[in-house]
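Before we start, here is the structure in question, set down as structure tokens.
The first chain written gets the first letter, and so on, giving A, B, C and D; residue counts start at 1 in each chain.
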Amino acid sequence: MAKTVVLQRKPLSLSERTYLPQIVTGLKTTFSNMFKGKVTLQYPEEKPNIPKNYRGIPTLVKDPNGREKCVSCQLCEFVCPPKAIRITPGAVPESEDDREHVEKAPQEFEINMLRCIYCGYCQEVCPEEAIYLQDEYSLSGYSRDEMINKKEKLYELGGTLPDQHYKWDKKKNAEDEGNDH
Amino acid sequence: MNTVDLLFYFFATLSVGGGLLMVISRHPVSAAMFMIISLVSVAALFVLLESFFLAILQVLVYAGAVMVLFLFIIMLLDVGPEGGKVSRVKMLSGLASCLSVGILVILLLQFSGIGDASLSNWKAIQSTESVTGDSLVFSTSLKNFGYGLFTKYMLPLQVAGFLLLAAMVGVIVLSKKSTPDLDA
Amino acid sequence: MFDFEMLFMIGLKVLFALLMIGAVMTMAGYSVLAERKVSAWMQGRVGPNRTVLPLVGYVPFAGKFLKGMGMFQPLADGLKFLFKEEIIPGHVNKFYYNLAPIVALVPALTTMTVLPFGEFFADNGESFPLMLANLEVGILFILAVSSLGVYGIVLAGWSSNSKYPFLGGIRSSAQMISYELAMGLSLLPIFLWVSEPGTGAMGLSLVDIVDSQKQSPWLLLVQPLSALIFLIALFAETNRLPFDMPESETDLVGGFHTEYGGFKFGIFFVAEYAHIVVGSAIFTIVFLGGWHFMPWMSDPWPATWIGSLIGVGWFLAKTIFLIFFFIWIRWTLPRFRYDQVMNLGWTKLLPLALINLIFYVCLVTWLDQPPA
Amino acid sequence: MESVTPQHFLVLAFLLFGVGFLGVVLRRNLLLVLMSLELMLNGVNVALVSFSRTSLNLDGSLFVFFIMTVAATEVAVGLALLVALFKKRQSVFSEDISLLKN
């Protein structure tokens, strides 16, 4: 059993009961604060430092060779909790040689930023590492249409990111060497 | 009609009019506001009579304290406008008092010699700084006022002080929450 | 009929009055800025630094500095108040609702008629105080008129016809009555001290108070307790934190001006700061030696128009420091609870002021005893 | 020079007194009755000050001082009584405190 201990407080001295010394101390504190540095940012001109793993706006990225990574598997569309992503799958045109073996590509890719909750599931689920939540955080528009990011906008926002795997290149090389798998 | 006359009539109208509106206004807050107008114009009349100290005292005591107290009580008790009809007895007594006031004013106008030019020369105030003795001369100086209070009117002053003390004790007793052991 | 000389005098007075209203209003406007800036500095922020006038902003160095200090912010604020839509809520008592801001502002501006703010040296060496009206009962006038300011708050609270403003109005009236007593009582020993026999001071004139502090200790040093009580009562009378019961944002939304917006709110705002400006000026006059240089020292400036200008500047500097002190206190002390305010006023300050008065009565009597 | 005579002030004082009297008689709200009483006292004050000024004698002014003291006291006590009454009867109207009538 916990024992309750009643602490006897020391009675206040006369100078403490006037509260004046305490007030003076407080005044000193506030005054010294006047000469300390500012902790605020002048926002639109100065931007805060964004950490690496920040979850900003979801974007589509290209690999270092400038190729579209998304294969429109639609996993992100399925996993997206608020149903913000809509993908219209399409085929990769035959003419693009460097994308051999990639069968599909998004014909249209929309992320509705009015619905997006920045949960990052799409990034997590993407098998191609094509969708990333990057450091952009301020998004605004004058109409609802402007708030729906189309494919071009998504690639523009995403840019290219270094790729560790070159999955499709490896597959092509393997096939070229006669190794199907 | 010179400036002083103009001011006198202006403030006289304001004070009596304010008083009248106070008496007939339905809502207590409006009444208090009209009362303040009346009191401040009376202060202005005191200025016309060259007793500046009393004028300021009038504003300080009446407008600054008494009427704030009134407003405080009106708000505290949340007194709404007066509903219902004025009773017949009230009407009759009101009429009677109106009549008597009217008659008295007429008599006053008749016999007090208003407009008598011989009465209208206000004697100039002598600026006597040092006052001694019992004959208190009217002056604008505060010193004379204090001298009067603390020599000739020493006893009334003490009694007034005692009255204030008694009133304070009385008010505290009246407004204190009654404890059960005191009631028993 | 009308005396032309008198008319001229009246015109001159009106002109001076307008000038002073301009000065006080400007100071009130810039106190708002000071409040925002100082609070920002004390909280590690920058404060208003965006507003800029078209041309002035491009002056190489000064323009940027003025912009950074937010010097144009009061202008922008004023314009905003002017051009905002006037909204009168449907449930208010329209007449008193519109009257209240005026009633709040007028007393604050009227008190400055008896404020001396410097002295003018004539050619023959005589000096005259610079003020609109040298009343013998100056301090009483200030107390009387400034006590009328409470009606603005009470009326605003009552006419808004909603509960938070109403509570603000009630609180304000009770607080005013409570602290006026302590304020008056704290000033009595001052005048007792100043107008002791043989000093030539007569009555309750503010000029005499200032003159008595020439080349002698400031009254702050002579009567620190009176100064303290007066300062606390001043905070309470101007509704500043820690006594801003009538408009405590945390428990009464906005207090008495919850239902106000636009220009009418602006008037309340300016009235509050005008009260602070006038209150600081009074404290400077009574306790900080007015336009005199330093305690025990004679004024180092010459007795010419330059000297009087420096004197006015010195007076302003003291006043501005006090305004800063008001702001400083605001960001240091938390707000009292309402019962604590009443408790402090009636059971602490009032007895203290009485004891202080009795002590100085005894002291002055003892000092004034003719040598046996 | 001036055409305002002491009699003007006297009539004014009487009018103020009369108006106050009317209020005391006519109003049922006790708060207003108290206010009207103040107005009556004010009327007397005006008369006293004007007498004092006319005869160049300070006694009248000093009396006004005492009247003001008494008036302030009266208001304080009166309002305290009123509040006490309101607590008991929930009304500030004079007809509601006629204990003997019913």
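Rule of thumb we're sticking to: a contact is a pair of C-beta atoms (placed from the backbone, for glycine too) under 8 Å apart; a residue touches a chain by one contact, two chains touch by 3 or more.
Everything numeric here is computed off the predicted structure, so don't read it as measured data.
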- State the pair of chains with the top count of C-beta pairs in contact. B-D
- Message: I'd like the Å distance between the centres of subunit A and subunit D, where a centre is the mean of that chain's Cα atoms.
- Response: 77
- Query: How many Å are there between the centre of subunit C and the centre of subunit D, using C-alpha atoms for each centre?
  - Reply: 34
- Message: Rounded to a whole Å, what is the gap between the Cα centroids of subunit B and subunit C?
- Response: 29
- Query: Where does subunit B touch two or more other chains at once, residue-wise?
  - Reply: 2, 57, 65, 69, 76
- Find every residue in subunit A that makes contact with two or more other chains and list them. none
- Message: Counting only residues that touch at least two other chains, what does the list for subunit D look like?
- Response: none
- Item | Interchain contacts, given as pairs of chains that touch | A-C, B-C, B-D
- subunit C to subunit B touching residues, read off their complex: 1-2, 6, 96, 135-137, 140-141, 143-145, 147-148, 150-151, 154-155, 157-158, 166, 169-170, 173-174, 176-177, 180, 202-204
- Query: Okay, in this complex, where on subunit B does subunit C touch?
  - Reply: 2-3, 29, 33, 36, 52-53, 56-57, 59-60, 63-65, 68-69, 71-72, 75-76, 129, 140-143
- Message: Considering only the defined contacts, which subunit A positions touch subunit C in the complex?
- Response: 23, 26-27, 29-31, 33-34, 36-40, 42
- subunit B residues within the subunit D interface of the complex: 1-2, 4-5, 8, 12, 15-16, 19-20, 22-23, 28, 31-32, 35, 38-39, 42, 45-46, 49-51, 54, 57-58, 61-62, 65-66, 69-70, 73-74, 76-77, 79, 82, 86-87, 90, 93-94, 97-98, 101, 104-105, 108-109, 112-117, 119-123, 125-126, 136-139, 144-145, 148-149, 152-153, 156-157, 160, 163-164, 167-168, 170-171, 174-175
- Which positions of subunit D touch subunit B when the two form their complex? 1-12, 14-16, 18-23, 25-29, 31-32, 34-36, 38-39, 42, 45-46, 49-50, 52-59, 61-62, 64-66, 68-73, 75-77, 79-84, 86, 92-93, 95
